[in-house]
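Next up: the structures, one after another.
Two complexes come next, and they have one chain in common, subunit A, joined by subunit B in the first and subunit C in the second.
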Partner chain A sequence: MLRRVFIGSVSWAYLALVYAFIFLPVAVLVLFSFQDGRLPVPPFNGFSTQWYEAVFADRKLMAALGNSMLVAISSSMVSCVLGFLAAYSLARYKLPGSALQRGLLIAPMTVSYLIIALGLLALLNALHMPLSLLTVGIGHVVINLPLCFAIIYASMGDHQINIERAARDLGASDFKVMALVTAPMLMPSILAAFFLSVTFSWDEFIIAFLLSRFDVTLPVEIWSMLRSGLNPKTNAIGSLVFLASVALLLILEFSLFGRTKKQ
Partner chain B sequence: MTATTLEDADRRKAWGFAAPALLWTLAFFVVPFLFMAAMSLWKREGREIVRVWNLDNYLRFFSESALLQGLINSLEITVIVTVLSVLLAYPLAWIIAERVPKRFQRMALILAILPFWTSYVVRSYSWLLVLSKNGVINQMLTSAGLIAEQLAIASTRTATVIGFVHFFVMLLTLTIYSNLIQLSPNYRRAAADLGANAFQTFWHVVLPLTLPGIMTGAFLTFVLCIGDYVTPQILGGNNELVLPQIIMLQLGRRADFPMAAALSIILMLAVTVAYVLCARWLKIERA
Partner chain C sequence: MTAPVSIENVSKTFGHFTALDKVSLDIRAGEFIVLLGPSGCGKTTLLSILGGFLSPSSGRVVIGDRDMTFVTPAKRPTTTMFQDYALFPHMRLVDNVGFGLRMRGLGKAERDEKALGFLDLVGLKASAGKRPHELSGGQRQRVALARALAVDPEVLLLDEPLGALDLKLRRQMQDELKAIQKRVGTTFVHVTHDQEEAMAIADRIVVMNQGRIEDFGPPSQIYMRPRSLFSAGFMGEVNFVPGRVRAADASSAEVETTLGSLALPAANFTAKAPKAGDAITLTIRPEHFRGAEKSDDPMFALGDARVAGSAFFGTHYRCHLQPCATDGDALVAHLPQSSDVRDGEIVPLAVRAADVVALPAASATL
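Take a look at the complex of A and B:
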């Protein structure tokens, strides 16, 4: 009995310690975003929202925020469409070399983002192509396409084939079958793939850093803010991004994924 | 569709659907990669890149100690981070799966990975607030009278390791937890029936059964850790450079793209070796 109590309390103590370790930096980040002073470190001088005002007044930061949304949403849409089409082709038709095609589509997952970015940068330089948000988007599709393909391909079971066949017998063309039958049936996994790649693209740094020039995404802009050292404004934008992501996560948890679980 | 006799029209259609994704991957992943591999065999002379095939970059890597040391630093840090993260995450995942009541488990798990959703760059920066000379830890220890002089944790290897472990403990807790709850309770009941105590059951039954999952998570940790530039650059500073930092230096200050390409190929080989080791090890475990 005493031994059980001992093991139990050790477990809870361990749990508390690791949670403290996990939350320490985030707690410090958020707390000192409200610092009334120039340094986001103790002592805490008092409560102030001046750094949040500074964030919203910063044109470059707001532009970077918009750029990040644009790149994340458009590159994820392209990844989902290309991934869906490829998954449909590979799941519904037995083409020669389909194992090789699957391998090729998944391959970028196994390579560091840094190496993908360097390869693209080398090629773009050699072709004298200018760097822009477009090139960042191209890079983000490269890293997100394998993800979208894998998620959508995995959800294409054989049980949907008969429904598709019925639609085809009734005279629907391939595109109609895909758009009106297959895609709606797979919507949960398509949306999961979409939101996952939005978060990946949104937070991606090294590709966005190497493949952009004048217009940059949010992580790259935050990176250049770090050059000025510790700054409560960096805390403020960091806290905002954190709160926005958690809010999005909770919405997805309770709407999208909650619904699929019930089905 | 069990189509053994695909008609030509069907075959054309199938290729048409797969083509955009395949072409995208070829044009923006395979071709750039091959181009970079070729470039690693060229050479920089002055500001010019000379397109003559040679192995100079690779030879320089093994003869210049600063470059070789980068790979050694990378490997050391990555191995330390992977081992520490597994050792910290496994008990956490186990406590959540075994000790926390069922209906609070999902909640506990979401809490454990919540800081995952801070931006990656900001997460390293927030450790700087904790570890820097006038940061939280130093001020707490000083005001408690435990230390007279401020500790220099930021800009050291220790800071890099702490930043990495923080990230990967969250990742591994998730993968190990999902492994643990998939275990059928029958294995444990059988072990108990055969007279094993709690520790023996864990050591001889639970641990071996979750080992493939641990290895997968550890390999993922290895790959993401060894290729990362952000955490070592923010937290480790310029004292002990890792390979990605050296690659970025070649690009920036030295404009030596062929050398950066060669170092990237070496980085990829390191990952491939790790994969081969892991895969082989897993197979032996399963046999």
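Take a look at the complex of A and C:
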């Protein structure tokens, strides 16, 4: 009996430690974003929202926030469309070397972001293409396309083939089958791929740093703020970024995974 | 709409496997045809060729008076009702049923009205706003039927549509299917491996085996006058009694069997006319055995048999009878409820001449 209580409390303590290890840095970040003082380090001097006001008043930060959203949403949309088309053709048609093609599509996942960024930098240089938000977006499509492809491809099962067949039998053209039947049917996984890819793009630093010049994304802007020393303002913007990611994950969880369970 | 279908010498091979071997079939407009056979007999392949999902390796498919052999499913006057219903999970029922009309360019108001009419036909008008996952299996099946009928096809192809339903619901749906087919008048081609289902709904049954058509005709003819041993065995329980033709003329034949000799009308030789010396197999349905009771029809006495086991089935006793004259295979007979049979009892056996069908012996057909 005592033994069981002991084992039980040890496992609860272990669980608490694991979560503390994962979330303590974030909790500290959020706590000191409310610091009433100039340094985000202990002791905690008192509660204040002045740093949030400073963040929202900072035009450069707000511009970077807008850029990040633009890049995240548009690059994720492109990744999802390309990923869906690739998954559809590989799942529904007999293509030459389809195992190899699947491998090639997923391969960029294994390459480090730094290498991808360097490769793209060299390529863009050779093409005389100026660095901009567009080039950051291209970089993010390169890293998110494999993810979108893998998620959407995994959800394409044989049981949907008869449904597509029925649509074709009722007079739908190939394009209409894809647009009116296949894509809506796979919408839960397409949206899951979209939101995951938005969160990855939103947080991504190396590619955004190396492939941008005048307009930068939020992580790059935060990094340049950090160079001038620690400041509760960076904690505030960090907390906001974290909040946005959590919000996205919650949307994903409740709107999509909830719905697939019901089906 | 409705149209006749003509299948001319259609073969289909997958690599070395022959799924269909020179199949020819003429279906009249408005007929309810059932393709019946065990799995792997080619019935689904034939249906896919009619629907345009497969192209035959050789032969022709004519629907109405147009050659449809290589026309895509979308351009054929056929629709298919799939075994798993294949409803669009993200659409309301009214949109599911209206999908084919939408593809034909009908406006929303018009197609919704038509779709509601077809949902009404299958008794689901009140659920028009629901989605497929909210329905039971039988209801989904009805929606699939409404969706396939909504585009007014000339031929409706049904791929084991009742296979996933439980027995009671299946019997009920058979009646509904038959009633709806009568109302719309469309030619129905229905695939199943359930011979009771086939008899319940078909105008004519096509019995298939190993890529060939074994028998084709109205249910009563297939059951009472099968034209092959396979067809006789597949349509229900049957006793096979080996024999030999001793003498034959144009109207009758003298047949010798282990149970005695019989004179059979030539009409009972359904596969080919009798010839002296032919090895044959007599097929006798279990319910055709009579006791020794009097009858106006010509009867054959088959000698006495010993009851080797019996079970009460409600409508009849199913008995295993060992003929006293031979130690060959036991016979299965269905005796009336009123007959009080006991194990070990000796009963006289008789059969009406008209009920015995003579077919070429199994080795002779191969």
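Note that the second predicted complex is superposed on the first by the 263 of 263 C-alpha atoms of A that agree within 3 Å, B and C clash if a C-alpha of one lies under 4 Å from a C-alpha of the other, contacts with A are read in each partner's own complex, and residues count from 1 in each chain.
Keep in mind that, in the parts below, a residue touches a chain if its C-beta (ideal position, glycine included) is under 8 Å from a C-beta of that chain, and two chains touch if they have at least 3 such contacts.
Not measured: the values here are computed from a predicted model.
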> Are subunit B and subunit C a fit on subunit A, or do they clash, once the structures share the same frame?
Replying inline: fit
>> Once chain A of both complexes is superposed, is A:95 in touch with subunit B (first), subunit C (second), both, or neither?
In response: first
> So, A:162: does it touch subunit B (first), subunit C (second), both, or neither?
Replying inline: second
> Regarding the shared-chain residue A:74, is it in contact with subunit B (first), subunit C (second), both, or neither?
Replying inline: neither
> Between subunit B (first) and subunit C (second), which, if any, makes contact with A:25: first, second, both or neither?
Replying inline: first
> Which partner, subunit B or subunit C, touches the larger number of subunit A residues?
Replying inline: B
> Between subunit B (first) and subunit C (second), which does A:171 come into contact with in this model arrangement: first, second, both, or neither?
Replying inline: second
>> So if I put the vertex at the Cα centre of subunit A, how wide is the angle out to the Cα centres of subunit B and subunit C? Nearest 10 degrees is fine.
In response: 100
> Which holds for A:50: it touches subunit B only (first), subunit C only (second), both, or neither?
Replying inline: neither
>> Contact-wise, after the overlay, does A:132 reach subunit B, subunit C, both or neither (first, second, both, neither)?
In response: neither
> In Å, how small is the closest CA gap from subunit B to subunit C once the two complexes are overlaid?
Replying inline: 9
> Contact residues on subunit B for subunit A in the complex?
Replying inline: 1-4, 6, 10-11, 13-18, 20-22, 24-26, 28-33, 35-36, 39, 88, 91-92, 95-96, 99-100, 110-112, 114-115, 117-123, 125-130, 132, 134-136, 139-140, 166, 169-170, 223, 226-230, 234, 244, 247, 251, 257, 260-261, 264, 267-268, 271, 275
>> Residue numbers of subunit A touching subunit C in their complex, please.
In response: 159, 162-163, 165-173, 176, 180-181, 184-185, 187, 262-263
>> If we count contacts the way the header does, which residues on subunit A are in touch with subunit B in the complex?
In response: 8, 11-12, 14-15, 18-19, 21-26, 28-29, 32, 39-43, 81-83, 85-86, 88-90, 92-95, 101, 104-105, 107-108, 110-116, 118-120, 122-123, 125-126, 138-139, 141-142, 145, 149, 161, 174, 203, 205-206, 210, 218-219, 222-223, 226, 230, 234-235, 237-238, 241-242, 245-246, 249, 253
> Which residues of subunit C touch subunit A in their complex?
Replying inline: 51-53, 72-74, 78-80, 82-84, 86-91, 99-100, 103-104, 133, 147-148, 151
